[in-house]
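What follows is a short report on a single structure.
By written order: A, B, C and D. Residues from 1 in each chain.
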């Protein structure tokens, strides 16, 4: 068993530098790498390019990095619910590239799986396809989209072991598995680091080969963005 | 004239037994409330769940179980969770039968604009571009006109497009229309609404053939 | 819940016809759709194109269909261990297209996921790439390979439910998940059909949306091709 | 001169701590027996397992747990199972550090042929083409000459290729050689084998620089 366990978030983030490109798992605030993000805020590195479906909210998630102006460019599919983001984008301080959600997922997966590019129908005929190669297959038009390149991927899982194996919970899974192995170094933080051998090999969502460093997160706020309930009769 | 719930109620009639359905934010979300009890339907949310159930009871919310609108949800027996790549495999691979989403504008060719107002609103397209580029059956749920009273059914969209030639059907507060490629074919009128009123609210070409029935909702 | 359960293998195979293209999960004899194959043998339809990593052995798996000359063309990555196959291929009775194993998996996944084609480095510079489009990305050469089209996919899972959800066991997983939803109709047979709601939604390998019909297999021989053991001291 | 186990033993020295390794059928399979105990290595098999262990004890075989050679195997703590697409993601995505496989021919440019003898043997390439097209580090394990005594280290392969310019190192019963692009650079001699004997058995260009040490195995 190849040991991926590191003792602390400090060790997990060794090598992060200003100017790097990072991937962040999560959908909204669900399944985000809370501890890695907090550490990046503390480290104060800047000029970052961040690939993440969303940009957090004003005071949580990637919003914390935005607040400190650590991010130079965001590549996302949906960036609502964040006033500071909107302000930086409209003022031109922040470079923003918006791409379809499925394209985002698959450009990560392409990097993970060694594909240089994919053909997707998403965005054909829209400004997303401007300047991009398009092509017809079987009477339908597709856009060529390239695999991402990133220095670090920060993902969050429910359970993991020292071999780097990961299991996610519910919709907190989202982009996390697709980003594992899609960057030079994948850093996984987990709610529960369990002894090697206790995870059922059939139930592992991401085999450890896609993860370079794993650590147990100190605590998880797991903030809910849109708490919605129904009343009991 | 229909209200939002009326639009949702009418669209629910389009949902057939055995359909996997993706509901967008806003009016489309309401459609789930009106689907007939005697058919089996499963709702997919592109953030990674199939078999969505109702919102949780207070105190039973789980931050790890949300829908694409970031709302806390529950799941029904037979549900499954999956990653974003697999979620869009369902959508791109046309395994989802019906997509219902809102729009700012629809053109008579079936183009749709619903993600951006340059200089004003730039939230991003989320999964909408994947959905409209792939779904075989797309129904748009929207008001017939915008707040300024201008038609949202246009010859040509003025806003940045989400997808081209993709919308199949539109249900508004005034009418049900089919997008034929040659214009908006009027299928049904909302209760109490005349063909003339619909014509007046439609900037794109409106095709009216024979007598147009009133919706049965 | 949309019910995918059918009562018998006869119902599951409704609509299969001579001349069709079928996908078969399995690696060697592990994880093959034993019951569906047996029924196809019984039905005697022929002129089939079969997409399967292997072609079974002389008296089991797809070897049974070969024996009856039901197969016109095989698309596989490895076809050793089958004398009848070799005889039919060398005599020209059987059309054989050999493609790299990873390419086979991904051409199935492309069909499942709505991608028209993929770029893979496998086979560049070899006869596999002859007549195919090749292209350079970042200094490396890739071959354009198209998504498969098939009428039926026959897969086998360990556990499943009436919603069509599937869980596989061990390396019997192999190509099975990648073929689900890659054909017009996916027929899944399972060792154990469990009540809906008993499978953990986190552990499902293939959501039911990719499966059109599911049934409980009558029995499983699960033959071992290369029984290899070590001695206890 | 080395036997098959000797070749495996020498190759095992190339395996480093923290490596994920894919072993082909034949001699490469034997390499697992000789990897040092004090390093951590995981073996991947392309049919869908990471963390392969030894063969099972008699009576403990499981038809659902096999390797790419269709042999029954066991798994070690920390192992995982996955589908074929993910398996080749590991390979194509260069997450597997080292591929060891057999060959019928290798050219001085690093081309490899190991899947087909036209008209004679057509078993298929299996995962070999994916492996050689993607692996950053490929070691070929083979006899220096074929049964007819002809060299398998050639100027140009005569058999259909599996991959081009991909082999980095070759370990045979006679020598360890590096593929430089300009020829086979002789690194080590098998015990008791002279440079002349290696030269005689090598059809492609052999580069001999300085004194060639004998293998330390």
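By definition in this document, a residue touches a chain if its C-beta (ideal position, glycine included) is under 8 Å from a C-beta of that chain, and two chains touch if they have at least 3 such contacts.
Owing to the predicted nature of the structure, the values given are computational and were not obtained by experimental measurement.
Considering the contact criterion stated above, the chains in touch with chain A and with chain D alike are C. Note: the chain lying farthest from chain C is B, by mean C-alpha position. Mean C-alpha position of chain B lies 55 Å from that of chain D.
We define each chain's centre as the mean of its Cα atoms; on that basis chain A and chain B are separated by 28 Å.
Taking each chain's centre as the mean of its C-alpha atoms, chain A lies 33 Å from chain C. Residue positions of chain C touching 2 or more other chains, listed in rising order: 109, 114-115, 120-121, 168-170, 201-202. Within chain D, the positions touching two or more other chains are listed as 49, 81-82, 85, 88, 91-92, 134.
Of all possible chain pairings, those that touch are A-B, A-C, A-D, B-C, C-D. Against chain B, in their complex, chain A makes its touches with residues 27-31, 53, 76-81, 86, 89-90, 96, 98-106, 108-109, 120-128, 158, 168-178, 205, 222-232.
Those residues of chain C that touch chain B in the complex are listed here as 1-3, 109, 111-115, 161-163, 165, 181, 196-197, 201-202, 204, 207-210. Within the complex formed with chain A, the chain C residues making contact are 114-121, 137-138, 140, 142, 146, 167-170, 201-203. Residues 45-49, 54-73, 81-85, 87-88, 91-92, 111, 119, 122-130, 133-134, 160-165 of chain B are the ones that touch chain A when the two sit in their complex.
Taken in their complex, chain B has these residues touching chain C: 18-20, 40-42, 44, 49-51, 75-82, 85-86, 88-96, 134.
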